[in-house]
Structure formats: structure tokens, C-alpha cells
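Just below is one structure, and these are the notes that go with it.
First chain written, first letter: the chains are A, B, C, D and E, and each begins at residue 1.
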Amino acid sequence: MADQFPAIIVLAPLFGALIVGLAGSRDHRICFPVVLVSLAVSLFASLGVFLQVLQSGPVSYFMSGWDTEKSVLGAGIELRIDAINGLVLIVIAVVSILVSIFSIRRAGEETTEKTPQFYVLFLLLTVGIFGMTVTNDAFNLFVLVEVSSLTSYALIAMGKARRGTMAAFNYILMGTVGASFYLLGVGYLYLKTGTLNMGHIHEVLTANGGEIGRSPSVMVAFVMILVGLWIKMAFFPLYGWLPNAYSYAPSTSGCILAPLMTKVSVYVMIRVMLGVFGWEWVFGHLGWNHAVVWLAVIAILAGSVLALAQRELKKMLCYLIVAEVGYMVGGAWLADSEGWGMTGAIYHILADAFMTLCLFIAASILVKRCKARRIEDLGGMFKKMPVTMTGFIIGALAMIGIPPTCGFFSKFYLIRGGIESGHWEFVAALILSSLINAVLFFRIFEIAFFGNKPAEGHGHEEGETSEQGSIGEQALSVREARLSTLIPLLVTAAIVILLGVFNGPVIAVIRSAIEPLIAVGG
Amino acid sequence: MTDSVNSLLPVWACLASLLAVPAILIFRKEPFLREGATFVAGLVKLGFVIAIYQHVKNGTAVECVLIEGPLPIVLRVDALGMVFALVASSLWILTSLYAIGYMRGLKEHSQTRFFAFFAVSLFATLGVAFAGNLLTLYLFYEILSLSTWPLVTHHQDKEARSGGRTYLAHLLGTSVAFALPALIFTWVKTGSEIEFGKAILESGDLGPWPTVALLLAFCFGFSKAGMMPFHSWLPGAMVAPTPVSALLHAVAVVKVGVFCVIRVVTEVFDTDLLTQAIGALSPSEILAWVAAFTVLVSSLIALTQDNLKRRLAFSTIGQLSYIVLGVALLHDLAWRGSVLHIAAHATGKITLFFCAGAIYVATGKKYISQMRGLGRRMPITFTAFFIGSLGVIGLPPSLGLISKFHLVLGAANAGQIALLVVFLISTILNAAYFLPIVYQAFFPKSDEVDPGEAGAEKFSWHSVKEAPWACVVPLSITALLSFGLFFTSGFLQELVKLFVASH
Amino acid sequence: MKWFALIAVVITGSLLIYGVSDFPDWGDAQSPANAGAKSSTGEPIGESVSQFYITETGRLTHVPNLVTAVLADYRGYDTMFETVVIFAAGMAIFAILRVLREDKHTLGPPAKDTTADGDHGRIIVGTTCKILIPVIQLFSLYVVAHGHYSPGGGFQGGVMLGASFILLAVAKDLGSALTWFTEKRFMTLACVGILIYAGFGLMAQFLQRHFLDYGVLHVILPKTDEVMARSHSMLGVEIGVAFTVTAIMFAIYANLSSRGELKRGL
Amino acid sequence: MIPIFDYIILIFMVIAAIISLKVKDLLSASMVFGIYSFLICLLWAEMGAVDVAFTEAAVGAGVSAVFLIATVYNTKRRSSD
Amino acid sequence: MKEFFETSIEPHFNYWVYVILMMIGLWAVIAKNNLIKKLIGMSIFQTAIILFYVSVGVKKGSGIPIIPKAKEAAAGAGEHGAAGAVNPDLFANPLPHVLMLTAIVVGVSTLGVALAVAQQLFKDFGTLEEDEILEQIKTADKASPDG
């Protein structure tokens, strides 16, 4: 059983999707339990395989049994799990379970009788994301990228907002071009190395003093793969599809896509950088780290500033995602000799997934409950929806980087990387974006606390009887959200804090995983 | 170096007030139980602090590692933290008592929220006092900034909004922009070493200019200390209800700022680093002159303020810089004076704020020019005000005398005559902006005992009585405390000696 | 936009051409892709996957068509997800386009040429289709089943089978194609197809092997050894693929041509 | 293998691609796209990739073109570019 | 002339054409205004990549990657002497073909979904010209930012 875990992680949601597809349309009520059970199985398997990795190092699983004894390396498809993607897997499983709980009633309301299809797509999306994370085959990665992309196009276009449909169309074009670039890059690599297995490619590229690695087409391959992934993760100049797509999608879709898609793409980029090309090749031979870090700096600043210009809550969050992607890409490219930037970037993948989830769930509740799409509509929300706002605050504080949330610690390690590698512009950008985030979120808190137009002169009211206050202009009928949406919100908020407080062990795991990768390059 | 024992006591001392929050929320419909919870928590907290004191007075630090790892979270109580913890936890009880009287007297809204965040901010204050490394210090510092924001903006009106904005923009902005990079830089520079207990940055680690930059980044980053030019949040935060102002300006927030500065100067930098020469000055002297500038300018501004609370606010800015200045002198006696001044200023200033609040509750007056003759109607309040101002000016009989005496001696022994003069001038200024208030309150010219300007509402002096007992009792106690500590300051001095000896 | 496009095209194009400049010659049998990577001294680095496929497939799987063997066995995991992509596309189109309730906003029927002339043409087309469709379907089944020996397999056969239904819908109308091939049926068929595929993999797992390791299925398949079990299982998964592809191709067409109403098509 | 045959197909493919993007009538564009797919399918058969050619014939020249036509039929036939 | 052709053009001609096709597709995706045209461009873009992959797997003078039982024996006996061994140079590389089967299928799936979205857009906006759609969105933005 235990040796099948790597396959089960991916297969459990797949079978779940099939069951929902077969039986869901007969009775919508079976959808949710199936989703939950299959994701729980995935989570269990991820935890199991993660423990194996911690005990005995990276785990390989050869699909169809074509391992190196029976055949040559790369004949079959290999799944490979090390400590880093073990962590990412757990995050994906937890996030998707939380979102599925969030969607219990939401999905039905937002998808008008297409609930089973929604859940099929939802599960296939997780299949794609899990698959992208575990696979060690460059082409298989492409197929799974397409699984996740196709489902996310549909999840976005399912919404009723017509702007969401247009955004989905742009996303299809951009996403397809991105995936095609990736495919092309893999093709160039295949042409030069004759294999698709990531480990094998790395072996070929570094063999004999890295002579094959120095050829121009390998460089072009890297650029193509990188650009393809940058489109997928909405890195700065290529982010155009993201804000509208995520903000006008149905809230359940937005909640699963925003935390996972960009982060997993970043993970894939890191995996390609370290696992396929290798530290030495990327930072030693290519040596573009300065340019990319500058690009990341621009991404961070542009994302933050554009977020500042938004009047709609969800769009603002989407631009923050663009900034956060800049954090991660920049961190991964800092190339300080001890890999602190890389550590920070990987930790930020985990942290940002939960931060984003927290904010998106809270924002979805607010948008739905009080029809408050714009920030100005949030007046008096602290009074009306204290629990939701608590979740929102925790997510926001994590975004700003206030201890003890995880956002603080990831920033901490990223800044350390920036200092050690001498990229002061990156440090400055991180701090500036923290400040901008602070302005952004406190603008919201202020509105939520004071109401849109604060009362002239404070009221000394009759004790507790007028606890409701005179601040809100909204109808007082707005009440706290329902439990099925609050539970995931609060759990996420708790994770945001716990992940921050217990960053030590997580960082230790990440460090132990990336130290050998750095050492190989020297 | 002192010994240390492992104990969970610091954790409980911190948590005592945090655990009161659920109780406060549960009893939101029962004001008596709610405030009861606050009190119980306060007493429990004080009890824990005193229990820790039993260890600390023998020169043993109490330590508790909450989270291990490259970024550990550690609580560690030494003598310096103890002084601050004693001040904060004892004054919290009085402030709560006062808050009850004040809030009920004015029938304020959202009292539950008020008490809840009050408790949270005390949790954070003790956290800062007990922080065992820079990261923990920063963590609780930020929690404090955030948890006091709803208190500052309690009134939820326009004024509160702009005051709150200034407040957060300064505190959060500077801490993220200066303190955080400085913290991370220190962490990187020393290879993940941020524990307090010995100097984090040893001599030779940094050149003179980076030292200055780092020192100023820390000191401006912890802008709760109110050093110019990052001081303007303090007067802005005056929009808060008076108990909050008392808490902010006397106990928790500003003292946390100077406490952080003391920690940084004494624990982060080796003395050698701070005395490297840059031209004619050394890093510590640069800090000292920034502080001296703040002292003088803020005292002068205070003279011109008519709003009592604003005058108190500028006075606070000056007094805080005394403490910073004392620390920057890098002399044993001056350090002792600085730490003692935390306690001295806390008791004195809290009395003054309580009085200002009591006057407002009783009469609705905010401006000094309107208070002529009021002392005859509210004798207890104004007597307390007098005692409090003695403490802040540094006249006998008050703890302020002892602390200022040490500061001045320290300046003299350190050979900084110019700074000595600054101390003296500012003391005169202090007297100049406090004593006339008292004088006018008790000895008004007869024609001035008249209602305010034309058009103002009719105001009868004869109906004025003392504020409710819940206001008057605490301010009497703090006044007595300020007075009494002059005679019984022995235990504080012992602690301070321990602190100085450990460096 | 045009300028931006021009810049993007020029930059990408020149980059790609730059990469091309150091490609091995077209059709070189000894290129790394075809014969494995070699160092400058001619030492092979690792073994060549392609050569392994060509030389060993006959022995290991007993399937002459290498493409089918690689598709359904060596890279069977890929192919399963390829099927999942199709399935996802079908679900996606249903989710986006399908109109479940009568919606007032839908536009009227497309302007359709219903003159006698059109009807006249319809008879010829209809008759041709009546003859042609069974032939196509028969051939597509052959393609599916004979994928081991000749070009073809689940995808090609499935697409053709789906196309035959599309042809029926084009020739008569969508409604008559849907009378037999109802939405419920084709959606179920799509699920069943992947279920068959993944089921083969799962069976191997139950027999203590890795996912999709068909060799072990000789335990349950009668009269087979490891090699023949692979060959037979490949046929099984190809049938699964064909099911899904057939169903989804038709589903996509049905939704696209009727704007999701599934009433009348083109 | 006749290289010249290869080249002719390749050149025709480029021409077909350009035409299908230039024609303003979307129905014709779809048809030309079908022709393009058919050409590419010929090319692959000639390169020895029979399975790919077979698939492209069924998918590219057949189903894709039908999908395009179905959409064009349900929307607008004219395009501005 | 012939020599020039064989040394300079022939070795990479396929690759050049694939780049040209790909750029045509990319141009259309970015610059065309009509959404259907964009999708046709996208398909051309994808087929160009398929062309590239298939070109990679070509071996001059090789046959299709199907090894009939009889031929297998003959090939083995003729070239290597060891019975059953196959000369890999005689058969085209099957791996790119497999990969491209997948890519074709992915391409048609994407096209299908994209067309569905395009139809949905036509339902919402009544047009498939990008500039008109953006214009409508802009107008709606001014009226009310929701939806």
C-alpha cells in the first residue's frame, strides 16, 4: 500500500471525478462527499509519502513498471517526490479540501444545476495540479498542465459575468501560447538530449563538463520553458490575463485557482531550474539572475501600485497575486551562495497559497453577502460580520508581513537572500511593497471600521443598547456568513498563523532538500 | 552574564490578559462581569509578574523557548524587562479601574471592543518586556501597534480617522521600513544570531557609518519612542479616549518604544561599535544629539499648546527622549537613570492623564485656558495633577528626582557637558509648562473665574464636582505611587543595578 | 497591438532561428533525439530511449506498431491524461455552453435555408450518409482493434466513430442523432472510457504492481504470459480511449452546433 | 523520399496558413484551415509518421474544421480582418 | 545549385518553415481582431510545434515505425546477425509521434473549449470582434462597475 502512495495522490481525485461524472447528475447530493473523500485520500497519501521522504530521501515511482531494471531510464514515466514537492502536495491537498468545504452550498448557487460538472472540473483541476507537482517527466508535465489549464478555463468561464467570459477567452489564448512555448522548450531539450526524464536530461546536460549544456539550443529551450511558465504564473509583463479572469470567475473557482495555479507554476519553474538545468547551469553558465531579479522588482512594484489603483476588492487581490509572483520569482533567482532566496521562495509558495486562499474566501463572502464588489461598499463590516473580517484581517496581515503570520517569515527569508546576494533593489522592493500593502489593507480596514463617511463628532450612545452604531449605511440585515464558508476561512487563518509560528521545521525541511542541489553545482 | 531558569511563568504572565478576551466577549451583555474579568486578569497577571520577580531579583533570568528553529521565539525575563513588566502590569489594573469610570461616565459606545483590545495590548506589552530576542521583540511590537489602533480610533469619527491614520502610518510604516530591514540585516550579519543576553553585533563587525545607519534604523524604526522626526503620531493619537491616552502615553506604547531602544543599544551593539569615531562624534553621540534635539523642541512646542492633552503629549515626547538620551550616553549612571525614568515617567504621566480625563468627565473642558479656578472645585484631582507634574519635572518628592539625578550625573561623568545643559534647560521648560496650570487652577485672579467666551454654553462652576469615584480613586493611587516610590524605590534600584551590572 | 505583435514575433522568431542554427541535420539517424546523447568523444551518455523502443518493444510487448506500444504501455500514464484532457474538454463545454433551462436571452434559430432546393439536396445527402455511416463505423472499429498492427488505435478510431455520428447529425439533424445517442448516454460513455483505462491500471495496483503495469494481468487473463498480457491490455485501454473520444467528440459538436440547447444543429 | 515534394508541401502550407488568416469570410477561412490540416497530414505521412498523419486527418482536417464551421454558423460569418 | 541546396537549405528547411508557421500563428493570436481568427492562429501555432517534433524524429531512409514480424527477422538477420535484434536506424523514432498524438488531441480539446467560450461571448456581446467587445465593457464600466 505505502509504495503506491505517489500514484494514489493523483488517482484518487481522478476516480472521484469519474464517480461524480457518472452518478452526480442523478443525485447532486453525492457530489460533495465523493469530492471530500477523494481529496482526503490524496491528503493522506501525500502525508504518507512525505513521511517516507523525510525518513529515506526522495521517492521514485515508475508508471507502468518500466523502472531502470526492466528498461532504460526515461522509457516509462517517473513520478518523483522529494521534500519540496512533498510539502507542495500537502498544501495543494489542504487547500483543495478547504475550498471544497467552502463550495458546499456556493457551488450549487453559482453554477445553476451544473454542480456535478463543476465538481468534475474541480477534481480534474486538482488532478492536474497534483500531477504537475509529482511528475518527473518533462512531457507528462505538459499534459498535466493542459489538464489543469482546460479545467481552469472552464471554471472561469462558468460564471455569469460576461467580463469573466472574455477574461477566460484571453486566458485560453495566453495559456495555450504559454503551454506551447513550454512544449517547444521541451522539444528543443529532447532534440539535444534524446530523453524526456528530468533527471536524465540533467545528467546529459551536465555530463562531460556540461558541453551539451553550453549549446545555443539548450539556452533557447530554457528561455522557451521559462517564458511559458511565466505566462502560466502571470509574471510581470505577461500577467494581463490574470486580474479579470480571477476576479470575475465564480467565487468557488476563484478560490481554488488563485491560491494554487500560480504557486504550482512557480514550483514547476523552480523544479525545472534546479532539477533539469541545475543550479550551476542557471546561475553559473546562463547568469541572467540580475536581469530576472530586476524584472521581479518591477513585477513587485507594478503589482503593488496597480493594486493600489483598484477600486474593486477582488481585482485588488488579483494584482497582489502579480506582486507575490514577483516575490517568488525574484527569490528563486537571487542565487545567493547559501540558497536563502530559494528557501524563501519555496516557503513563500506554501505561505502564499494559504494567504491568498484566506483573502479570497473572505473577499468572496463579502462580495456575496453584502454585494460589496467595491472597496467603498464595505462600510461597517466589522460590526456586521466580525468573524469574516477577522479572517480577512489575518490574511491581510500576512500579506503585509506582520508577525507571527507566515507572510512575515517568508519575507524575512527572502530579504535575507536579497542581502546575502547583494540585491538591495530586491530588498527595497519587498519593503516598499509591504508598505503599499499596509496602505491598501488599512484603507479597507478603515472603511470597514468607520463606515464610508465617518460620523461627524463621535456619538456617546446609551451604553450597549446601541451597539450596532450609526456607522453603517448598508441595511442592517447583513449578517454573518454561514458556517460552511466560515469554517474554511477560520481554518485557513489558523494555518496562516501556525505556518508562520512553526516556520522552523518547514524551513529545515526545505533547506535539507535544496542544499544538495546547490552543492552539486559547487 | 546571569544564570537563567526555564519556566513557563512568563508565558502565563503574557497570556493572562489574552485569555481575558474570550471572557470579555462572552460577558458582553453583562458589564459587571465583563469588567470583573478584566480585573481578575489584571490581578492574575500582576501575580505572575511578582512570581517572576522573586527569581529575577536574585539575578536569575527566567527563560522560556516557545518556538525553536532558525527564527526562534523566546521569552526571557531579565532585570530590565522586570522593571517594565512591573510598571505595566500594576498600572494596567489602575487604568482598567479608571477606564470603567471614564467610559461609563461618558456612556461611550462599543465598550466590549474597548476592553477586549485593551487586554490584547497589555498582552503585547508584556510580550515586549519579556522578549528574549529581536524577533520576539518585533513580533510583539507589531501586535501592539495593531491592537491599539481600534483603541485610538475608538470614536469612529473624522478626527479619529485621521488620528488613526497618522498613528498607523508612523508606527507600522517605520517598523516595516526601518526596523524590519535592520533586524534582518543583523540576523544575516551575525549568522542567525539574534538572542539577547550578550551583544549581538560584536566589535569589528561593522564600520562606523553602517553602525550609525543601523542604530538610527532601529531607533527610528521603533518609532513608538517618539523621536523626531517620527513623533507626530503621538499628538495625533490624542483623539483617543483618555484611558487609552494614559495607556498609550504613560504605560504601554511609548514605553515599549523606549524599551526597544534601550534593548537595541544595550544588547544589539557592542560598546566598541558605538564609540567608533566618525569625525568628532561617535554613533552613540549622534543618537544622543537627535534625542537632545527632540527634548528641546518638543518642550518648546509643549509650551505653546492650549489643549491639555496635546501639551501632555509633547511633554511625553520630550520625556521619552530623555530616556533615549540617557541610554545613548553609554554610562552606568545614565543607564540607571534611563531605566528608572521609565517607571518615574509612567507613574507621573499616567496621573496627569487621569487628571485630564477626570476634568473632561466632570466638566467637558479640554483647554487649559478654561481651567482657571477649577482646582478649588476639584481639589483631589488637581492635587494629584500637581504631584504628577512634580514627578515629570523631577522635583522632590518623586521618583522623577531620583531618575533625573542619575541622568544628570551620568551626563557629567560621561563628560558630555553640552548634553548636561540640555537636561537642565529642559527641566526648566518642564516646570514652565506644568506649574502654571496648577497655579492658575488654585489661585485664579478673581475676575477670571468666569464662564468662557461669549456665545459659549452657560456653564455653572458651582455645579462642578469631582469626577466619579472610579476616576478619582485611580488617579489618587497613582499620585501616591509617584510620591511613595520616592521613598521606596529601593527594589527598583536593585533591579536597575542588576541590569547595569549585566552589561 | 500590431506593433506589439510584430515585436513579439520578431524576437521569438529570431530566438528560435538562433536555436535552429545548432540543430543536427534534418533526418540524421544519429542525432541525439534518435540515437541518444553523446559526448564530443562519442561516448553515449545514458541509453537511448528511442532505440530501446525500437529494438526491445517486440520482445517486451509483442506489438509491431511501435507507436501504439509506446502510447499505451510505456507512456500509458501520459495517454491516460490525454484522455482526461478530452474528457475535461467535454465537461468544460457542457459547463460553459449547455443551456439547461429555457433562457429568454438565447437568440432565435440561426437563419436557415429551408427552401425546397435545400430539401432536394437533403435527399441525396441523406441517402449517401445512410450508406456511408455504417461503413465508417465499421472501419473505425477496425482501426481501434487493429491499432497494434497498423496505424490507428483508440484516438483515431474514436474520432472517426464520433465523426460518423457528427455526419449523421449534419446530414439529418442533431435531434435524430440524439434520439439514440442521448446526452446521458454519451456523458456516461465518456466516464466509462476513462474508467476502463484507469481500471486496468488499478487492477495492476491490486496485484501489487505499479499503476498501469499490465504485465501482471496475466494472472487474471486466460492463457497469457507477461508479454501477451501487455498486448491484450493495450487493446483494452485503446477501447477505453475510443469510448471517451467518441463520446466527447460528439458532445462537443452537439453543444457547439446547437449553442448548448441540444435541439437542432446546423 | 523526394525532397522536392516535401518543399512544395511546406510552401503550400505557409500559403494556406496565410490565406486562412487573410480571408474575411470566416467560413472560407475554416475551409482553408481544413486544407492546411490536410497538407500537413500529407507531410507527416511522407515523413513516416503515419499515426500522427492519421490522427491529424481525423482531428485536424475533420473534426476541428467541423467545430469551427459549427461556431461560425452560430455566430457571424464576416470578420473585420 | 544543387550542392548549395543540399548543404545549406535542406538540413534545416523543415525547422525554418516551422518557425515561419509558428510566427504566423503567434502574429494572428496577438494582432488579429476577430476571435475566430485568433483561434485559427492558435491552431496554426500548435501545428507548427507538431511539425517541429515530427521533424526531430525523422531518419533519412527509414520506414514507418511498424515492425512486421517477418521484417523484424529479416532486418535482424541482415544487419546484425543476431536473430531478433532490430536495427534502430531502419525505423522512424516513435517517441515524437506518440508525443504529438497527445499534442494534437490537446489542441483539438483546447479549440473546442475556446469555441464554446467564443459562442458564449457572442451570446453576451453579440459580436466576435475584440475591439467591439472591449468597447462594450468600457461603456458598461462607466455605467456601473459591477458585472
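Criterion: contacts are C-beta pairs under 8 Å (C-beta built on N, C-alpha and C of every residue); 3 or more make two chains touch, one makes a residue touch a chain.
Treat the numbers as computed from the prediction; the structure is a model and nothing was measured.
Q: Under the touch criterion given at the top, what is the topological distance in steps from subunit B to subunit D?
A: Tracing touching chains, the least step count from subunit B to subunit D comes to 3.
Q: Tell me, which chains sit next to both subunit C and subunit D?
A: Chains touching both subunit C and subunit D: E.
Q: Going only through chains that touch each other, how many steps at minimum separate subunit A from subunit C?
A: 1
Q: So which chain is farthest from subunit E, going by the mean of the CA atoms in each chain?
A: Farthest from subunit E by mean C-alpha position: B.
Q: Can you tell me which chain is nearest the middle of the complex, judged by mean CA position?
A: The most central chain here turns out to be A.
Q: If you take the mean of the Cα atoms for each chain, which one ends up farthest from subunit D?
A: Computed centres place B farthest from subunit D.
Q: Tell me which has more C-beta contacts between its two chains, C-E or A-E.
A: So, comparing the two chain pairs, more contacts are at C-E.
Q: Centre to centre, by mean C-alpha position, how many angstrom separate subunit A and subunit E?
A: About 29 Å separates the centre of subunit A from that of subunit E.
Q: Suppose each chain is reduced to the average of its Cα coordinates; what separation in Å results between subunit D and subunit E?
A: The answer is 11 Å.
Q: Measuring centre to centre with CA averages, how many angstrom lie between subunit A and subunit B?
A: Measuring from centre to centre gives 43 Å for this pair.
Q: Can you compute the centre-to-centre distance for subunit A and subunit D, using the mean CA position of each chain? Integer Å is fine.
A: Their C-alpha centroids are separated by 38 Å.
Q: Counting only residues that touch at least two other chains, what does the list for subunit D look like?
A: As it turns out, subunit D has residues touching two or more other chains at 50-51, 55, 59, 63, 67, 70-71, 74.
Q: Could you list the positions in subunit A whose residues touch two or more of the other chains?
A: Only 139, 143, 146, 150, 153-154, 157, 184, 190-191, 196 qualify.
Q: At least two other chains touched by the same residue of subunit C: list those residues.
A: Where subunit C meets two or more other chains at a single residue, that happens at 16, 20-21, 23, 31, 33-35, 48-50, 53, 65, 67, 75, 78, 82, 85, 88-89, 92-93, 96, 151, 155, 252, 256, 259.
Q: Using the contact rule from the top, write out all pairs of chains that touch.
A: A-B, A-C, A-E, C-D, C-E, D-E
Q: Can you list the subunit D residues touching subunit E in their complex?
A: So the residues of subunit D touching subunit E come out as 1, 3, 6-7, 10-11, 13-14, 17-18, 20-21, 26, 29-30, 33, 36-37, 40, 43-44, 47-52, 55-56, 59-60, 63-64, 67-68, 70-72, 74-76, 79-81.
Q: Using the touch definition from the top, list the residues of subunit A that touch subunit C in their complex.
A: Touch residues, subunit A against subunit C: 4, 7, 11, 14-15, 18, 21-22, 25, 61-66, 70-77, 111-114, 117-118, 120-121, 124, 127, 131, 137, 139-140, 143-144, 146-147, 150-151, 153-155, 157-158, 184, 188, 190-196, 200, 203-204, 207-208, 211-212, 215-217, 219-221, 223-224.
Q: What residues on subunit B touch subunit A, complex-wise?
A: Contacts found on subunit B: 28-29, 31, 67-73, 106-112, 135, 138-139, 142-143, 146, 150, 153-158, 160-161, 164-165, 168, 172-173, 176-177, 180-181, 184-185, 187-188.
Q: Could you please specify the touching residues of subunit A with respect to subunit E in the complex?
A: Within the complex, subunit A touches subunit E at residues 139, 143, 146, 150, 153-154, 157, 161-163, 165-166, 168-169, 172-173, 176-177, 180, 183-184, 187, 190-191, 196, 311-312, 373-374.
Q: Inside the complex, what are the residues of subunit E that reach subunit A?
A: Going by the criterion above, the answer is residues 22, 26, 29, 35, 38, 42, 45-46, 49, 52-53, 56, 95-96, 99, 102-103, 106, 109-110, 113-114, 116-118, 120-121, 124-125, 133, 137, 145-147.
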